[in-house]
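Chains: A, B, C and D, in written order; residue numbering restarts at 1 for each.
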Amino acid sequence: MNIDWVFYFAALVAFIASIKVVTSANAIHALLYLVVSLLAVAFCFYLLGAPFAAGLEVIVYAGAILVLFVFAVMMFDLQGDNQPVLFQQSWLATWFGPLILTLTLAMLLAYILVTGATDSHIEVGVVSAKQVGIALYGPYLLAVEIASFLLLAGLLAGYHFAKSTSEGEHR
Amino acid sequence: MTALTLLPFFPLFSFLILIIFSKRLNWQLATVIALSGVGLSFLASVLLINDLYAVSQSSDISAGVRESLWTWFMLGEHEVQVAFFLDPLSAVMIAVVTGVGWLIHGFAAAYMREDENYSRFMAYMNLFICAMLILVLADNLVLLYLGWEGVGLCSFLLIGFWYQEPGNAIAARKAFIVTRIGDTLLALGLFYLFLETNTLNIQEILAQQDSSPLSSEAAWWIALLLLGGAVGKSAQLPLHTWLPDAMAGPTPVSALIHAATMVTAGVYLIARMQGVYLQAPDILNLVAWTGSLTLLIAGIAALAQEDIKRVLAYSTMSQIGYMMLGLGAGANVAAITHLMTHAFFKALLFLTAGAIILAAHHQQNIFHMGGLLKRMPLISILFVIGIAALIAFPGTSGFVSKEAIIGQLWQSPTAGPAFWWMAILGAFITSLYSFRLVFITFFGQYRGQHELHPQRHFLLLVPLCMLAVLAILGGYIPTNLEQVFVAVDAPDSQSPSWLHSVAIGLPLVAIVVAYVIYFPRANATEPVPGKGSLYRFSRNGLGFDATYDALLVKPFVKLAKLNRHDAIDLLVQLISWNAFTWNSAAKAIQSGRLRWYAATLGIGTIILLLGVML
Amino acid sequence: MILTNIIAILMLVALVSLIIGSKFSRSLPYLAAGSVVLCFFLLARFASNNHDIFHQAMPLLSVPWITSLGIDYATFIDSLSFILVALTLILALVCILVSVNEIQHHHNFYYFNLLTALAGIIGVFAAADLFLFFFFWEVMLLPMTALIAIWGHENRRYAAIKFFIFTQVSSLLMLVAIIIMAFIHQQQFGEISFNYFDWQRLNLSMPLQYWLMLGFFIAFAVKLPSFPFHTWLPDAHTQAPTAGSVLLAGVLLKTGAYGLMRFVLPLFEQATVEFAPIAIALGVISIIYGAVMAFAQSDFKRLVAYSSISHMGFVTLALFSFSSIAYHGAIVTIVAHGLSSAALFSMAGILYQRLHTRELSKMGGLFASAPRMGGMLLVFVAAAFGMPGLLNFVGEFMTLTGTFASHPVATVLAATAMIGSAIYGMYLFQGSFQGKPHAGVQIADLLAHEWLLCGLLFALLLYLGLFPQSLLMHFEAIYPAANITVTGGKL
Amino acid sequence: MIDIPITHVFMISALLFCVGFIGVLARRNTLFMLMSLEVMLNAVGLAFVGAGSLWQEADGQIMFILILTLAAAEVAIGLALLIRMQHQRHNVDVDGLSQLRG
């Protein structure tokens, strides 16, 4: 059974959801679209034979990180833009430059991918969680340690910055 | 230490005492110090001249007396020494400088008595005498240059003595700078002379001219440059413009500058370097032309002056012109004799003019005087004696020397009858302006606003009387100058027999002409100086000042002020401006906007990818 | 040892005044003056003990410093160094005297900077090792910049930065040249050496020699300063405190002349001969340009600063005419200008303290209230415009006499500066002391310590002007480049 | 499981990346910038996982895990800053933060 179309469908979903993330005015809506996008990408991972990555994507990204976002938005009243983003009065001025820039970048990337295309197809096969685990705690041990430090630093920094200093807010 | 080494230093000592104790000295003490300084010099010079005369009587050689003090500095192998040299030429000079200078000092003591800076004034006068003595006694040209510059500086100080008047300060500066132009030419002459002869000792240079004379080109340049120096100091064309303005100084200063010191320096220099000039007959001719033109132009300018001192100033220029003409035409002895007699009668004229000015409350305009003969008879007679000597009235000292010059002109090798005629014309003009001065000042009615207060201090009158005696009899003082100068061979041309009588007669005719023209004006109640553009033109010194001002002074000042902020600095500023521009450009990129940074990141990526692709 | 001792004493006193001086700021001038007098005494004793050996360069102390690069701490003395060190010490005393009433804050740091700069300058004159020379060159630069930047007048920061950048950039060129020379020594003799006497044996090929010479020349021409590189000088002089101006004009400029005499002329004979026309042109332009610019100024110190450019042009002219008379003239001019410009800047400082202005238009008629000061100013102005009897005249006269033989046109042009100097000198004197006094302007005449410094400078100018042989008699033996003809070097 | 050219995976990844990039550039709201950043990181993760599958190696997924860690840390700090910003300035407009200009 050829289920290639499933992959392309998931990719399309991710793409559309991402566009909605970028353009929507409401923060909660955007976050929900981001969840959709992430889940679609997780599905792509699964189809590409990386179930472990797909699982992590769902649990950590869509689960943990996005929940962090939602909590932050809700608890600290982080407003989105109040008016529609895409067709506001100066939308041309806002979007024209980035669009041109990004289109150039996209065309360049596409050109490189097309001209440098090897005709290699992804073989059917699964890179299991076990393989990943062995590699992770073998050759990549140092990277894991560094990542753990990064997380620790993120934790400390997050705590420090978000801590509300009641006396004397310095600008 | 002999008298010769001490001679210039007596006035220096008195200068030092006066300047150190300046205001702590009262008038009597300061006068005694100042007069004794110059007086000792005068005594010493009398002694020295006596000795020199005795030496020259006993032996045939004309060598002078030389006293060396110390080696000043070395120019390669040549020692420039601080050394003094006395021969009949410098003997005449020191006698004039110290003698006339002394009398002027005496007069000045009375004249400046009321001035609060009296002792400073006398100190400058002493320094002036000292510098002039060094100039005339110098054994080498560098020491002469020291005196030369010293005289210039002292004249600056004295002309600008009443420095609070801006006009005086400007006149002082003008005198200094104009003569400085001449000084620079003289210095260049010294450089050239050293290059050619490898010595700057005057006697060595002159001795070399006998054995190995200068090449004609070198002699031409050197003589020209030395003439430039002489022209500057002696106020001859074209550097004469400072002299009339120098009348801004107190009157004794004018007397000192004109009679005893400074302006005679140029004449002395040319007489001293006669050996060099003989190698450059063209320049000798130029000297004569300079002298003759100056005497005419100065005479014409003197005809139109209204300030008594300016008339005398132009007459000085004119008389120095005679000396130059004499030197250029080979009448050296007569020229130096004229220098001496001129010192006598010009000092007399200036000092009597000073006495008049003092009596008339510093009124110097002759059209505001008049009738002084009746009110100040003694001074007036003394003044007329000076005038008589000035116009070479037969029997006076001026007659002796000036007729000697004019008499040699016709036959001289360089000059021809043209010079003779110019000199005669000059004598005519001299008479004319002299008696214009006499008639307007001394005859008719007194026209001043203030009552006259003639001073009768003995220090005022004694010098005047002594100078009057000298002005009459000074021409007969033996000078013994013949042995100094190389005799110029006169071509054996016959001069017409009428020459002498014309030369004597013409000034007397001029008196009559002056009587006809000016005497009626003197009697008028409101005499007018004169009108017309010609009169104004000659009153302004024939436009030399205006020409120099427009051609040299103003462009120079304008140019200097234009570049006041230093164009080169702009180039340097350009570099820093460049740095600032790039700095602000780089700063503009660093705007602090996060999204802009992200965009540049994107642009950078694009460029990078393009680079990978290509 | 002698120069090392002097440097050490100065540095030590500098440190002492920095550390404990803030409590004794009143007595700091005495301390500084005492140390300078002590140094002078040491120098005088040394000179009287070693009267004969001045004709040759006399090595003093040599201690290995950075052995891997062949750098020694090596000093030496000859008559040129001796005269300049003595001049430095005399002017150091003048600097301290003018600072007494002028410096109002940070006394201890001020005297630290002053003494360190002096130590650096003396080190420059003493160094026999080029690395050491460069080291001291920088040592004198930094405190000098600090003096201008901290105790200067209204526009001091700009002037200090300008001074610093000019000197620093030019000295970097010299550093490059020094390092190349050291490596050339390695190529030719097998070991790297910065020693001056070793370098005299070097055999330099022509284009390279020319470039190296240029590296040194530009550094020294900036310090001198010569025409196109002069623009830092008016600003630095004008803005510096009086002692800074005195030090700058008196000795710092002389390090440039010293460098030309010591390094450029003897080390690069052929190149200098080839370069001479350009250098002489620069000298003549400096002379005339400085004189004209001086006349155009209305600021007392700026005027004197431009006159310095004019006077130092005579040194360039003299040195590159390769005449021994002119060479002597250059030495005399260096000393003379050091004394006379120091005197004029002191005068500017004395007037500034009383009037709080440097503008000539705001002065005028001061002679009435301060005749002695006026007399002194006249004497110093007279010295500046080359009045015979004072030292400057001897220098100018010898320079021009020596130059006339080989470069008559340049000499004639340079001689016009004699007129120019008279013009700006008179402008300066009359503008400040003659004319109508401004209403109510009464200034105090010279005070005791001002008398001391004016008298000292005047006495030196007069004595040396009348007996310049006492300066020059030690110079028979050293005429670098005097024996090479203008057509070619010895190489 | 599927058989698609690797180029297509990369294309998708690039598209997602560009969408995120537009968001970063165009949105002034810092919250949306952070979300766009997540999209971009995710796109890169997709590329890594695709490449890992191509070679049948675990390295691609490991890189994804590292990116995940990075994203977690970034979100933690970013949100903390965002909260601080809201606290002090009462808005989350990134253009207001330009004191750090040269």
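The criterion applied here is as follows: a residue touches a chain if its C-beta (ideal position, glycine included) is under 8 Å from a C-beta of that chain, and two chains touch if they have at least 3 such contacts.
Just so it is clear, the structure is predicted and the values come from calculations on it, not from any experiment.
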Core chain by centroid distance, with centroids computed from Cα atoms only: C
Using C-alpha centroids, which chain lies at the maximum separation from subunit C? A
Contact tally winner between A-B and A-D is A-D
In whole angstrom, what separates the CA-based centres of subunit A and subunit B? 101
Centre to centre, by mean C-alpha position, how many angstrom separate subunit A and subunit D? 5
Roughly how many whole angstrom separate the Cα centroids of subunit B and subunit C? 38
Taking each chain's centre as the mean of its CA atoms, how far is subunit C from subunit D in angstrom? 67
At which residue positions does subunit A touch at least two other chains? 97-98, 101-102, 105, 109
Residues touching two or more other chains, restricted to subunit B: which are they? 599, 602
Pairs of chains found to touch, sorted by chain label: A-B, A-D, B-C, B-D
Can you name the residues of subunit D that touch subunit A in the complex? 1-12, 14-23, 25-29, 31-32, 34-36, 38-39, 42, 45-46, 49-50, 52-54, 56-62, 64-66, 68-77, 79-84, 86-88, 91-92
Interface with subunit B, subunit C side, in the complex: residues 162, 227-228, 230-231, 234, 292-293, 295-297, 324-325, 328, 365, 367-368, 371, 375, 378, 382, 387-389, 393-394, 397-398, 400-401, 404-405, 408, 411-412, 415-416, 418-419, 422-423, 426-427, 430, 433-437, 466-469, 472
Across the complex, what residues on subunit B touch subunit D? 586-587, 589-595, 598-599, 602
Subunit D partner, complex, touching residues on subunit A are 2-4, 6-8, 11, 14-15, 18-19, 21-22, 27, 30-31, 34, 37-38, 41, 44-45, 47-50, 52-53, 56-57, 60-61, 64-65, 68-69, 72-73, 76-81, 85, 94-95, 97-99, 101-103, 105-106, 109-110, 113-114, 117-127, 131-132, 134-136, 140, 143, 147, 150-151, 153-155, 157-162, 164, 169, 171
Residues of subunit B touching subunit C in their complex? 19, 22, 70-76, 82, 117, 120, 142, 145-146, 149-150, 153, 156-157, 160, 163-166, 169, 172-173, 176-177, 180-181, 183-184, 187-188, 190-192, 194-195, 556-557, 559-561, 563-564, 566, 568-569, 571-572
